[in-house]
């Protein structure tokens, strides 16, 4: 169980499929090394890009009448909630927001021990015929989004699905692109990207760091 | 006449002695070095010399409780493989239980088993006759005919089943007095043990296996010692396994009742905790009991309340143990590990010396079973039934090396002390340097 | 680390809470239009039932299918398979077919343990009830039901059952449900009282981590949950109790007795119920009785167990049991 706790924590820090920052899970110093990483977005920057994304959504969705925001746990959910607040300010309407856990749809389940499940919370009116905007923190290989599209398929039939991410770090492995990007961040595969949010980590920041030389696992 | 000189053997664990075997008897014994055998008139010249080098020499062991399985279950053991296993374990006489197919309840069957033993020549086989026809507990078998047969049966038992009918038991006890026989009771009250799978207690409660209460054994022993007292017979209790049984036998002996009792090696060593593995190699009748029982049994064997160690050697083919617990057969092989287990539990613990072991594993069982020529002192003029034991040996039990046809030992991989290196049956070596002849 | 689920006693508190939490998420799948997850796609699970138990088999089957596993049902009851050797033969057959998990129900206590520890088969073994030994998924679904009812669905996440008082009534002697529940509820911090006539309590029960009482009426007012065990009428013939009427008078749960329970307390039953024996229809059909919920929760719990044991490259559930205690 100890192992699972660690994994759960890592999942919220760096374990998610396309936010994997390459920190060696077995390396106790990994966290402190990551802490030495360089910030590329600070709190005010994050607030600003979320405001911009909110405006873009309203613009492209022609008023966002039928928008449903679904965050991908863990940090995507907080970003979705923040976006919803901003959208509500802009549109002066309630925006349905929920969460979509993609764990059971991952394509790498058999490469790791089973992960603790996060909550899938679909707003009351469902997603049928709505414009679903998936929200995640980092877009990397695209495999998380692929899993999210599969998960959505089992829940309903949206009118359209769009994707909003805080950071796009490139290195796609699937034909997937984001509709709304907070920051395009060209990275090397040797680098790690780590998003921290106040709700989970106590502060807002995006860190770019170097992958430890001894990284034990292959990354997506 | 072949001669063998055993040099420097600690007879019954005492000072090193030289022992000369001449033909079928012990010709002479002397303190080591006292006699220069080459210069004596005893004619040790040309004798084969076995350098014992401090090994312990005991009278050949006698097992009052062996299942040789022949006739009927030759897939698990035969008289040949069983007596070879006996010789490997240091035995020169075994009493073969009656629960064969057909049951040894007639003169014909017991003579067949006896004759097979003689032909193979590894170990004397003394058949035990069934008390009741077909072990069914209803009608006395022809006990007198079995006694008068060539097999000369003196011990009668329905072992595997209990003679639970009090009247039948009473009659059997009385009847065998006419020719000095003894009834060996498998004490198991059948109604109290319906569906029983293991000792009833803390472990059975947890494992959900049917409980086998101690009282099912003790109540029968209590009844039978009282019956024996009433009719003035002797009675022998097979594989006594509980502290309560010890108390009853102790009480009976203090009253002067002619009761003898045996304990198996496994009940001296193993407890029902082993059953937690659900490995049927630990499934046995009577079941493994608790640590408290094990302690009581050891003490009782040391103080003589329990007279003898008997193996209850119960071979079973692999498939009868390689299954779930409930479906498995009960029993363990024991002939080839008995002396080691007794050394571990009784000698190395200081409870019994080697003279005591000789008594519990040779003299007393021979006396109870009237096995003439066995269980005699190691001295000049006595039959040369001898066992030489390397007590310093330590090694893991490897069932693959067993002479028995079956491998159902609970000790596989366990380190046990002591190893029988030589066995002589009436002067003829059946085991030399740990190898059967 | 063991990768099987053989006994509720093998689970640590954190293991058990993880399973309950996972089951809570699994339960939400049942509310969706498509009650299916792709998680165990390509994995083969065999339901190996040597004993009739339609409800347990169906529950496992539903859980397996909701996780997209390939399901093979093997009912050995009544076939030539009944003796010991056949468990091994069957296991080796399944091994040769390349199954990933075996859900086994067997009349012999210890058969799943034997299957898991022998070299007969390499698959994950999940005990679906063995003899009078264990039925760990039943205990888990019971704990899940209690946590939902007594703590709350969301409030219960991450929580155990510390301080909750559970009374288990009936044929404890022959009950794997009682054994599993005592083990798991104790691990989860609940206080368990077993109530039965002395004939239906095993010798050796004093070592169990629970209280034992012969008096149902004394236990009821102090119970947050009362679990009634099935009492088979045949027990009467073996003199475990004199008559059915006497049993239900002394140990049956009727409306009057239920009224003596605290207002929030629930009545549970692993099913199938023997109405008129251990429970009256009035109680069985009351809103305090969770029998139907328990059935639904069983699917969620079994999905959670299957996912945690089979969903990754190694199990997420650690076990504390050693080969030889």
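Letters A, B and C mark the chains as written, and numbering starts fresh at 1 in each.
One rule holds for everything that comes next: a residue touches a chain if its C-beta (ideal position, glycine included) is under 8 Å from a C-beta of that chain, and two chains touch if they have at least 3 such contacts.
This one's a predicted model, so the numbers in the text were calculated from it and none came from an experiment.
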> Any idea which chain sits dead centre by C-alpha averages?
Replying inline: C
> Looking at B-C and A-C, which pair shares more C-beta contacts?
Replying inline: B-C
> Using the average of all C-alpha atoms in each chain as its centre, how far is it in Å between subunit A and subunit B?
Replying inline: 75
> Whole-Å distance, subunit B centre to subunit C centre, using C-alpha means?
Replying inline: 46
> Using mean CA coordinates as chain centres, what's the subunit A-subunit C distance in Å?
Replying inline: 38
> Mind pulling the subunit B residues that touch 2 or more other chains?
Replying inline: none
> Tell me, which residues of subunit A touch at least two other chains?
Replying inline: none
>> Quick check on subunit C: which residues sit in contact with 2+ other chains?
In response: none
>> Looking at the complex, which residues from subunit B come into contact with subunit C?
In response: 197, 200-209, 211, 213, 273-274, 276-279, 319-320, 322-328
> Any idea which subunit C residues touch subunit A in the complex?
Replying inline: 12, 14-15, 18, 21-22, 25-26, 28, 32-34, 36-39, 67, 307-309, 311-318
>> Residue numbers of subunit C touching subunit B in their complex, please.
In response: 83-85, 87-88, 106-111, 113-114, 117-118, 130-134, 176, 179, 202-208, 323-325
> Which bits of subunit A are touching subunit C when the two form their complex?
Replying inline: 1-5, 101, 104-105, 109-120, 150, 153-156
